[in-house]
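There are two complexes below, and they share chain A, which is joined by chain B in the first and by chain C in the second.
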Partner chain A sequence: MAAETEAASPEVANLPIVVEFSGGLEMLFSDQRRHALSIPVTTSEGKPATVASLIDYLCRNTMKDTRKELFVLDDHLRPGILVLINDADWELEGEEAYEIQSGDNILFVSTLHGG
Partner chain B sequence: MAPALCVVCKTERALIKRPKNHQKLCKGCFIQIFEDEVHHTIISSSLFYPGERVAIGASGGKDSTVLASVLKTLNERHKYGLDLVLLSIDEGIKGYRDDSLETVKRNAAQYDMPLKIVGYDELYGWTMDQVVETIGKKGNCTYCGVFRRQALDRGSKMLGIKHVVTGHNADDVAETVLMNLLRGDLARLSRATSIVTGSNASDVKRSKPLKYAYEKEIVLYAHHKKLDYFSTECIYSPEAFRGSARTLIKSLERVRPSAILDVVRSGEDMARLVPGQTKDTCACKANATPALVATEEDNGGGCGSANGRSMGGEMAAMEKQLRENEKVAEGKLETEITILKPAKKGNQPKPDKEPKASSNTVPIMKQKLGSCERCGYMSSQKLCQACMLLEGLNKNRPEIQI
Partner chain C sequence: MEPASSRAKKLRLQIAEAESELRELRLQLSQVEQRQEEAPPDQPSQSSPVTSVPPDIEPPWAWPLKQQEYERYARQLILPNVSVDGQLRLKSAAVLVVGAGGLGCPAAAYLAGAGVGVLGLVDGDIVEVSNLHRQIAHSHTKIGMNKVDSLAEYCMDLNPHTTCVQHATHLTPENAADIVSKYDVVLDCTDHPTSRYLISDACVLLQKPLVSASALRTDGQLIVLNNPPAPRGSQGGGPCYRCVFPKPPPPDGVLSCGEGGILGPVVGVMGVLQALEAIKLVAAGPPPHMSLTLDALKSGIIDYVLFCGVRSPVQLLAPDERITATAYNSMIAEKPGFAHVLLDVRDREHYTVASIPGAVNVPFSMFQRTDMGGQDGTRADWLPESLPPDAPIYVVCRVGNDSQLVARRLKEMRPGLGHRFIGDIQGGMKAWKHEVDKAIPFI
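And then the complex of A and B:
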């Protein structure tokens, strides 16, 4: 993996995490539910990676669909999309400010889709 | 940050923060409380009677899947004595309904419930794919809504069932309340907010046991119970107006989670204040009130995209036509009609408590119930709504196919 060779330098270390999409969001991410990712430990401003920076990362790197507005509205996660961090509601974990840890499982579930 | 503990059992780690009261709960306590609250809704509104046969309008989506799962659990736990059946409508939309019906078939096996699938093609001779091919995407939701309503009724009749439950949740109800407000259509509030609704064109009653359940909690319930559901959006649904109402509701929820139930309660209160179809206070408005006529297509059920009412003139014309036809029916608050019905029948045990909704009973005036002269389905006009729509479709068919 390219990520591992880069990880040799401590400044560009990466966090291995699993990101999942369900409730219809899969369609924005190549119809794939589970994505094993390796994201930079720090953002370009040198701050620790958070859910907010992960959302930004996903839009830039993982989403192939052009309809970003179905995932992000006004620079925040679109209302109606739930986030579970290691199965816990992100509202219990500080929402966008939560600092991502190695091995985290982050699930985005849309409540917006019908049956 | 130390993980928060569940406020109920105080031992397990909290995984859920409830939108309505910010309570932090663990998985087990959340599932228990969610089920208890639906049970409370069912009991406090005397939704069922022992031995009742109930059809669950099942789309394979999260709401109806959770409804089926919870009803099965509660039926066993509290000995409702219900005979539960899954009823699915196949609109004939390739790449949408055929996939979700596979989910319903799995649900039938998982919940050990019989499944009945009724197709638009067998009922009307048209699939929605063919309808859209003929009339285009604009306005097709009206057709789908009218067809679905009858299809659920006819499906339940085929099964000999007089009660269909649907998975409408608090968010759906709040959305509909807002839409009715934004259209200036307070008369429809009653139908949108009542837990039990019926139709003057049918003796099958509808109810929504999840009307106080947040969509968020429904999704979390499905997630934590690992329920098998299907999520997709109808490929034909423009959903312009409902979509805006939905976005507004979800944005409100972010800032003030209680807003959803607050809107539902406001809707219920306002519905009670609407003078209904009795003598209006303002005589000048007494006669020309098309808005007071509750049209049928409103309660499409199932997909939550009942009708993209704001779309185009073609659609508006169709709706006007439907509304004109409905005028004959004198537009009563249909809720009360069906609530009164069971009480009249000797073979059904009376609920111990009067259903709440009957507190705003309006006197039932003349109800001209006949049957559609074409299909025999109950209708207050010569032709039922479905046959009217079909007439238009069938006229167009040869031209399109040449």
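And then the complex of A and C:
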């Protein structure tokens, strides 16, 4: 029984969220725009999952491309990428410090320049 | 027989010469037409090829737009968001399109079509064959031509009322202020962050609204910046490109259409949307200016009643369709048992608080229904069967507005009500309390 409970607990402590990429960023994530993910509720340091930890999580687990620098620069999101948390600009939600809630939709949009 | 290659070369040269001549002729024609149209209204236009009426017979044209313009813009100026005022604003507007490529071509074409008075075009490139799948104003025969000349030709051919100004150069920090300052609205149709920051900065410094778009592969982005424009540092203006993107992207991360690829309709849609935003901006005119400061508040120039609007009393019925509370009361007192209906159209809650003796309650909302009855010659169910066909109907409400609306509605459905007096009690229950029965609660 104890073993079962232990095996089940990471399942319980996960947040179901949807992460979307557009403006070419999907290229780094196996050309898939919409990812339904289940991320750990707390980081390895035991803190609540934030957008910052999500970005780290995406680089480690979801990204299928070696060009990490197109997404993250100096440990922060690369300039020119807009983030919408449930359709609102992340600046309204505390940017990287926003604590992710179950069911959140987080959209990363890379700025385009072509014309 | 001369070799095919040299024959082809000769033909190409001939075609180029003929086309250049044609362009020159078209330009002359449009200038001549322009001058004709600009003739004062008391010298009627002679440009109409259909009539040969002597000029002195045609009455002067006294309308704000030219006759041809009414025909040309008819479909858009009947829209309430445009109207003649918006069309005149478009006509007197100067719009700058920076970039004559995939965004600039459709944007400029729709702006010319909509009747923008002056259309400035900026681009230092020449037409290449790889442009043609998306840069729809250019064509195979224009390969090698300046993009701005090609686009100007297309626009003036589409609408000779629009004057195109070609700036056959790239926008640079040196020339940006000179060029941008001549226009009212700017469209960023370029393809690189360097030009995007430059255009935005010029627009902030010169206080011009900016419609910026971009496209790559199958994605497009659109943003209206610096709208409303405001002096630098003031809190009133809309955000600029630097506000949204304070740091430029790393150069390696920037893909051009040449590298990333682009679908024609994708960039086309974005250019069309830019034209739409610019048309909306221009046609709407300047936003109403009101700076909200404590001084403005104290001075009393902010009229909150005017701002929110007021409900004015209903005046639907003529004086002879109305009766005062006093007159109704004395009529009932003089003729007890007088056959009539007093309809109280307040909500049931009001009616049960207090009502005039004998009043029948049929709430106002009942008369807004499509199935209110009494319309197809059938009897309304609140009308007693025993009532004589000429017995009058009096309508009463709280203060005398709804009663007029109901009385008017009842008159419209006369067939079901027969020929009788239909009117209301002026001032409603409020007047009844004031004039007749001071001891009645009024809420």
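Quick note on the criterion: the second predicted complex is superposed on the first by the 102 of 115 C-alpha atoms of A that agree within 3 Å, B and C clash if a C-alpha of one lies under 4 Å from a C-alpha of the other, contacts with A are read in each partner's own complex, and residues count from 1 in each chain.
The rule is simple: a residue touches a chain if its C-beta (ideal position, glycine included) is under 8 Å from a C-beta of that chain, and two chains touch if they have at least 3 such contacts.
All of these numbers come straight from a predicted model, not from anything done at the bench.
With both complexes placed on chain A, chain A has more residues touched by B than by the other of chain B and chain C. With both structures placed on the common chain, the touch criterion links A:80 to chain B and to chain C.
Contacts of A:91 after superposition on the shared chain: chain B is touched, whereas chain C is not. In the superposed model, A:22 lies in contact with both chain B and chain C. Of the two partner chains, chain B and chain C are each touched by A:113. By the touch criterion stated above, A:69 is placed in contact with chain C alone, chain B being left untouched. In the three-chain superposition model, chain A touches both chain B and chain C at residues 22-24, 78-80, 82, 109-115. Of all the residues in chain C, the ones that touch chain A in their complex are 99, 101-104, 188-193, 196, 213-217, 219-221, 244-250, 252-257, 260, 262, 267, 270. Of all the residues in chain A, the ones that touch chain B in their complex are 22-24, 78-80, 82, 84, 87-89, 91-94, 107, 109-115. Residue ranges on chain B touching chain A, taken from their complex, read 1, 3-4, 13-17, 24, 27, 59-65, 100, 167, 171, 215-216, 218-220, 223, 229-234, 246-247, 250-251, 253-254, 302-305. If you check the complex, the residues on chain A that touch chain C are 22-24, 69-70, 73, 78-80, 82, 109-115.
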